[in-house]
Amino acid sequence: MLDLNASAQAAAPAELGQSIRGGSGPAFDRKARLRWSNSIFRVACIASAVFVCLVLLCILFLMFRTGVLTFQNVSFREFFFSADWDPENDRYGALIFIFGTVALTLLTLVISVPFSVVIAVFLAEVTPSWLRNILRPVLDLLVGIPSVVYGFLGLTVLIPLLRDLTGNELADGLLAAAIVLTIMVLPTISRISDDAISAVPKKYRDASYALGSNRFQTIVRVVLPAARSGILYAVILGMARAIGETMAVVMVIGNTAQMPSSLFTPTAVLTSNIVMQISSVEFDSTWNYALYLMGFLLLVISLLMIVAVRFLQKRGARES
Amino acid sequence: MSQPSKAAANSFGKRNGRAAALDRIFTGLVWGIGALVILFICGLLFLLLKNGLPKLTWDFLYGLPSEIEEGGGIGPALFNSFYLLFISLVISIPLGMAAGIYLAEFAPDNRLIGLIRICVEGLSSVPSIIFGLFGIALFVEMFQIGLTILGGAVSLAFLNLPVLTRVTEESIRSVPVELKNASFALGSTHLQTIRRVLIPVALSGIVTGICLTAGRAFGESAVIILTAGVTTSGEMWDFNLFSPGETLAVHLWYVQSEAIVPDAQEIAQKATSVLIFVVLLINLVFRVPLWFNSRKTKG
Amino acid sequence: MQALIQIEKLNLFYGAFHALKNVSLEIPQRAITAFIGPSGCGKSTLLRTLNRMNDMIQGTRIEGKIEIGGTDIYSGDVHVETLRKKVGMVFQQPNPFPKSIYDNVAYGPRLHGIRGKKQLDEIVENSLKAAALWDEVKDHLKRSALSLSGGQQQRLCIARALAVEPDILLMDEATSALDPISTLKIEELAQELKDKYTIVMVTHNMHQAARVSHQTVFFLNGEVVEYSDTEKLFSDPSDQRTEDYISGRFG
């Protein structure tokens, strides 16, 4: 009935033993070919992985080598602690931009984290499931909206609005940029926090409800603490995105190298300054080196954040 | 169910007034803020689409941009967007997937691999403007080819690379090990298992990742400004890799902040709506079939 | 009966853990051999060394010899893929691929270079018949394998294993995830298959071993305590520990 039976019946033990040897049988060519393609594929995969690493190392090396040339003409102190940025007159104090980046990031976090956590709780705990099934994909789509669109939104909608509200002549500045960035990072932070909250085991909730606590108490005292490291992870990712964001910020921050005296003073941050000035300078000039050094600074900050994320993930894995 | 005695009913009925009020306030607050913020963001985007989409004409989508007069189109910029996206994906998908497969399948669990994994994660956190600076140093300075489509596409590919690697690794890792065992037990080689079982099963995750990457790359502007410039060659269907390669996202910024055409505002509105529309389309077209597909194989 | 598999002084380590200790064993051709013993005694580990699935677990080290038909399967010139083709395996959890029923069975033959539509059709039909599943699925071969019930899925996995023409079939607690009726079907199937295939099954169910196998091997803490004809082992065990185990005093 089966031709496969025929071979099974015919196979005396010795024949079977012989057939599994590498160099035997008519299928040898095929085996060799398979073995070849297998190892070629493997080597290609290794090469690609190494390539990805090389890209990072090249970036690090190039940014560092170019950036460090700044210190031929500019003292370490001047670059980091002087707020006098006037490259035409050989003054390269980057404090304004460093301050701007730090202030903008903090301000963005202050606005976005509370909203994001509330939205995450809304998604994970409060909404009926049909609404959740609509909102989650919507937020995922929002993550994909280009940053330049958010910048345009800020420029055409938000700034006129702020101008009317405050009565200022100009509304470009830290607050406008922070609001735009908040809109940008909100979907990211809330979706990842949402996942973290949803991943809290049901048994914790059951235990809390069984002890007679209501929803508010359960969420605040049991669920959120249990999802703590996941939420922190989301916040750091959002923060990394805010620090590195360029175009949305460029369009609303005003791009003026001055220390901001209020939230509505045009100023500049590391990224906006790089993108506004890089195309107009010679490659072999101190000005350009200084811009690369700022880039290197950004790079170091974002890599440090990855280290923080790794640390958190390890801790999270230990806790669970 | 038997009728509970009156006293018992009372003691169940007694509620901690303050806690209950807090609970109600909290629920209301979460509903209010959650719904409002999401509605607000969606409303803003809807506004942008509404301002732009009805004014779109084929002439605008297809037409050449104008520096001084009204009525310029976005043809070359739109073409460059797709062209750059295509080249960058052609470069980054094979490399990213191969690296992801290596990490998921071949990599022994030792310190070196930990290093590679940190590199991939590190690269994915590098701000896009750094890739732009890298592109300048590489293509403008080292190879002296100036601001070109090629430089932009390669820089963009570097930006995509870590995301694709991670998505592939995670999707392949999430394939149940039982399926892998089944394939090996039937006498398949590692490559056959990867090609016939792991990748098909992980495909929906990988495609989703590619869509996210493509959407992000389509809307990316900082890298392109630095490496491909803010001008186009001024011709439609210019496949020359060494032409300047301004894309739609860059054009939006350029028109809004640098250009002197009188109808800049309107061009920007229309360009924005096209940008949003295409990004949403990329996501919907590729991901919707997968949703249906996953339902079918589950059923 | 002729011995097909010979195991001599086999030791297996997972890192520092000594999982199999000095195992020596002969497995006869075209018969059913059952491995029994409490959880973690090494019976599944030994099964997985027979088609070298343990190779994929990092830190596994093997000493000693396993010969199939006189060839040491851990020697350098053995082609692992061919070995696994000749030594089929059915797992504890039914694990069909998320493909159609047809593609599941045709997966193996396609791997080994069979492309012809007619030839594949024939193999699929014969394998499904041999696994006693043909009548239930012949009208919807294109349907997803995941739409089958657990017992049907497991028989599909058996059909899939048979489709590559193995000589030996390893069953790793193949019925433990199934309901009693499906279990019975698979046991009947094993009885039919033993005329053509050498079957080695791991089971935690002593009654199953007593019902279907010719030879039974009792494992404890990585050692083979005793192996003999099933009838003898269950009626007249020579080792006290075996007697304790089969009379239900532990495990």
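In this document, chain identifiers A, B and C correspond to the written order of the chains, with residue numbering beginning at 1 in each.
As a convention for this text, a residue touches a chain if its C-beta (ideal position, glycine included) is under 8 Å from a C-beta of that chain, and two chains touch if they have at least 3 such contacts.
Predicted model, so just to flag it, every value in this text is computed and none were measured.
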Category of the chain touch graph - line, ring, star, complete, other: complete
Busiest interface, counted in C-beta pairs: A-B
Centre-to-centre distance between chain B and chain A (centres being mean Cα positions), rounded to whole Å: 12
Averaged-CA centre spacing for the pair chain C and chain A, given as whole angstrom: 48
Residues within chain C bordering two or more other chains: 81-83, 86, 112
Residues of chain B whose C-beta touches two or more other chains: 189, 192
Per-residue overlap in chain A, given as positions that touch at least 2 other chains: 34
Chain B - residues contacting chain C, complex: 108-109, 176, 178-179, 181-189, 192, 196-197, 200-201, 296-299
List of chain C residues in touch with chain A within their complex: 2-4, 29, 67-71, 73, 77-79, 81-83, 86, 112-113, 123, 126-127, 129-130, 162-163, 165-167, 196-197
Residue ranges of chain A in contact with chain C within the complex: 1-5, 7-9, 11-23, 25, 27, 30-31, 34
Footprint of chain A on chain B - complex, ascending: 19-20, 22-23, 26-27, 29-31, 33-35, 37-38, 41-42, 44-45, 47-48, 94-96, 98-99, 101-103, 105-107, 115-116, 118-123, 125-134, 136-138, 140-141, 158, 161-162, 165, 189-192, 194, 212, 215-216, 218-222, 225-226, 249-250, 252-253, 256-257, 265, 268-269, 272, 275-276, 279-280, 283
Contact set on chain A toward chain B in their complex: 34-35, 37-38, 41-42, 44-53, 55-59, 62-63, 66, 115, 118-119, 121-123, 125-127, 135, 138-139, 141-149, 151-153, 155-157, 183, 186-187, 213-217, 219-220, 240, 243-247, 250-251, 271, 274-275, 278-279, 283, 291-292, 295, 298-299, 302-303, 305-306, 309-310
